[in-house]
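Structure below; questions to follow.
Residue numbering begins at 1 within each chain, and the chains themselves are lettered A, B and C in the order written.
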């Protein structure tokens, strides 16, 4: 670090201009990147910083204004110690146990992988130094945010620990650095906090894989039907259809299937509850996992639906479409045809578009209520009204939209190229099943039983009762 | 509950794997659905749970691991008691007053209707057991969320109570269960918390009713003008127009009227303030209620505007439109017409579309700033700049868009079928009035007085002063 | 204030119906607008209010139920004093120092301008009355919100102060009034709180100016090329093109340039870091400021892109377009031309639309993750994945979309009217540069060095080391 830039670096901080006498002293163990970044930020926020190092006289460049001491002296001088060292090096701390007694130890460490160790770093640390108050904090922030302060996804400091006072002390420091503090409870939550920076959209994996799989399948399926078939059968080069026409068939198909997959687990769960006669028995694991990713399934489906809308709306600007319309007009004139206005076609087409628009509109509304701030502002009754009632309405509109798209095409043999059904037919299977089952479930007699079960009622199974009395 | 599923149910919880010695004991009164769900969740989160029951030996299935005792013993064993019983059964608690003294009583109850009782359940409870610290909490969560943990609209636990320490204890339990805690003050807020789960979009009712009413009126009005008239007068079957054309006339009309109804109460309020010469006199109740639902009015109007945009954009794909365009081209050729490019039509049409797009764009921006997280991030000056300045600009664009749509049609007698004005004319009344009044209000002389009034200045009314001096 | 309306004003409050004995007494200094509004709200929320005034018997109308006393008596009667007076009048408080000792002083004041005084009002107050506990609070709310309670942008009360207990007391009052409380740390944060109500989108200024500048430049540039040139060269009146065609050229150009300007500073910063061999040296100020407004740049670019989408989608409804298509069909028939379907045009056009749609879709996704509630819910790794990876993909799609728009037009001399390049060419300069540099930066050898630098590694510069050893 050059001499010239240090004053610049300090000028970042409008607070610590004049070092007031009451400045608090904090200790940092570890002079690596994390320790340096954190120290720089602490100094800028008006704290005094002392580094603990094995080689206090030769520990590399440190932020200007920070002191360096041996671990023992540093630990004794401050009541709060930040640990910016790797878990592998925690052992030496046991020798400092007397100095660290009663101090707040802030564990900032992260691991490179999940489940590397049987217990969380912070819990391990607490076991090593039982006399100290270990608080897990700051580890969910990027090094950039530690050095430069809060930004979009780096606004919140999650902390956990067994001592309320220790957490309070760390929370005060965090809010002085400009972060919002969220208490996550006791040290048992440390594992979760340590795993969080390693995660990259964990709950999106399954839905994303499903979306990619469905997209790939339908893309090749329709490629064969729409492009390869035309080439083989009629020698026509339809390859340009890949970019828009094919995409605009794949997207709505995947969207409709995924939307119905959001509502299928709810239907299955209801059947389970009806069959078992109780709500207190756990669902199978696959159903639990499926139900937990419904929101992601729905949002991906909304993404595909939005693409479908955009691809549909540019249809009339396309060269291919304009060419075909002009060609048809010209041929009509040349052959002196007179085409009659077909009121059924007009009704069908307009209903088809209307259903699609209303379905997409409701679907978009569902998406908006999934935004964290909106769903937090709703009561659970309101949220479930929207997600369930309006959701089923959206599914109904979209399914109806697809049926109207098909219309009477299923009667024409030319539809079944190479004996395969068109894509839209395949997409109708799951939503139709979901809607039929939902209809059965809202029949008054079924609905009444289900409601009672969900309110805690249990069907007395005479056999099971018999078994129970035998067992007890 | 079968033997097989109990271990599964415990495996849900990664925390309580090994029951550590320091586990806290909590008491639950009530073995109904709510008590069982809450107990299961508490056990999974690492608490020990004891149920208080009238018939400890015969109280039905309970979560595995929970103890059951008489109410007296159970109350004595824990410092925190969850009341999962109905208000109707609170009476028996008076007999437990000695055991409950100094304990934290968590009132989880809800009523089936609003205003069933003169005082909130929690206040009633506090009156029954004055020695206990009553905290109202968890009642805004669904039973599903109590059993399975936080999900979208079930993340926040609102609590209120008179004792800070009691609230702190409940808050710690709630955050251990994974919920975010929001303190709502003293027990006086209990009524509000008890009403909240009963509400279903209370502030949306009036705007929704208005929207439905306006939509129905304009639908039938335009049905008569566009479909019935054509059938009666020319014997033409235009019924297919219902699905898209009619919808696309109704939606923008309702949207424009509702948007202007957002800004009308502000104008009326300003006139009231100017007339009265003070801001300290309350507005009439109808105006207060109207002003409180402006946001909902605006968001509904935005929904209608979005539908209008989608319905407009699919126009060129419609069968009817394509048929008519082809027919007009064919007839031109057959009759050998040459149509001249009309630069005024081009200007008018393009301005019409431009105004609509810009108006919708600003309107959408207003909608985005209404999202809770966005409006929280704005200062009130920024928020009111957007909602007022940009809002009026959006209203102006949309009104101008409608005037351009009308253009010189109002001069053609054929417009007034059966002596009725077209729908767009009706929709222009309110926005025009609002814009004219707004223009008057921003005249420097009026604006100056209004600003002074809003800063607290009061016009001295000599008569009133006279009255005052007589009265005092 | 008339006698009649006072009961009305109290009826606003459902809480304070029956004045309970334990009602807390609060003191307000200042009987101006702010003091009256705040007092009215406090009374409605169940507090007792006493005003401190110089002329207790002649201080103008006050909310019904409030008492008025001299400053001394009022200060002594309550433990919490709201200061609703201007900083200019703080001097007289020094005479009250004995009465104010140990009291909580809530500074609600704002200034008319930034940086009017060397220190914040609250800090000045604390210096005047060292014995009191000054808390800065409520000043970020509008007078309307103080009088009528929380609304959209007026939900949060920010407070700061040196005494934790004093802040706690103010926080309780604020939450009883219905506000959410956010603690911003010590009194050093007062300056920031006092500046905040004066700000109007400070971080949007630079991006907005840039957007306006770019829009104006490209509007006039294209006006000359598309309208003036046609008029001068061919005498054709193309002026109607201003409303839609021209706008739809300006918007995408500005959008693409601004999107690429979001990513340019990141590239420049990487080059700086590579050149310097360290991440610990501060960037030049212009780069820092540029990096801090990337989000705003991006959101403005998204706004322009959305307008571009809407303007594009209405193309086929325009009178001009319909006229031209009909004219071309008619002329083809009259001249008996047969046009061949050009598969390259179809490929090119469809790819052009597809790239645009996908680019806009990703861009929209970036916009959604910029919403505060969404970005808070993401880990920083997830956020940077979206903003960086998906952001560059969006930039690539949009740039490719523009190249496809250009296609081989750059080979036609007629493109260069009056020797000027068309607008789209100019818009491609910055994005192409950014993409090329980004490609260089992700070359394995460069990427490896950069990653090491960002992890804290520093390149040892032998010269600098030599200098250092000379200096020390």
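One rule holds in what follows: a contact is a pair of C-beta atoms (placed from the backbone, for glycine too) under 8 Å apart; a residue touches a chain by one contact, two chains touch by 3 or more.
Remember, predicted model here, so these are calculated numbers, not experimental data.
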item	value
Rotation angle superposing subunit B onto its copy subunit C by C-alpha atoms, nearest 5 degrees	120
Equivalent interface positions on subunit A and subunit C, same or different at half	different
Distance between chain centroids, defined by C-alpha means - subunit A, subunit C (Å)	25
Subunit C, residues touching no fewer than two other chains	313, 316, 329, 333, 371-374, 376
For the subunit A and subunit B complex, residues of the former touching the latter	183-186, 188, 278, 280-282, 295, 309, 312-313, 315-316, 325, 328-329, 332-333, 339, 341-343, 345-347, 349-351, 353-354, 357-358, 360-361, 364-365, 370-385, 387, 454-456, 458, 464, 471
Subunit B residues within the subunit A interface of the complex	1-3, 5, 8-9, 12, 15, 32-34, 36-37, 46, 61, 140-143, 145, 152-156, 172, 175-176, 196-201, 237, 239-245, 247, 303, 306-307, 310-311, 313-314, 316-320, 322-323, 326, 329-330, 333-334, 371-374, 376
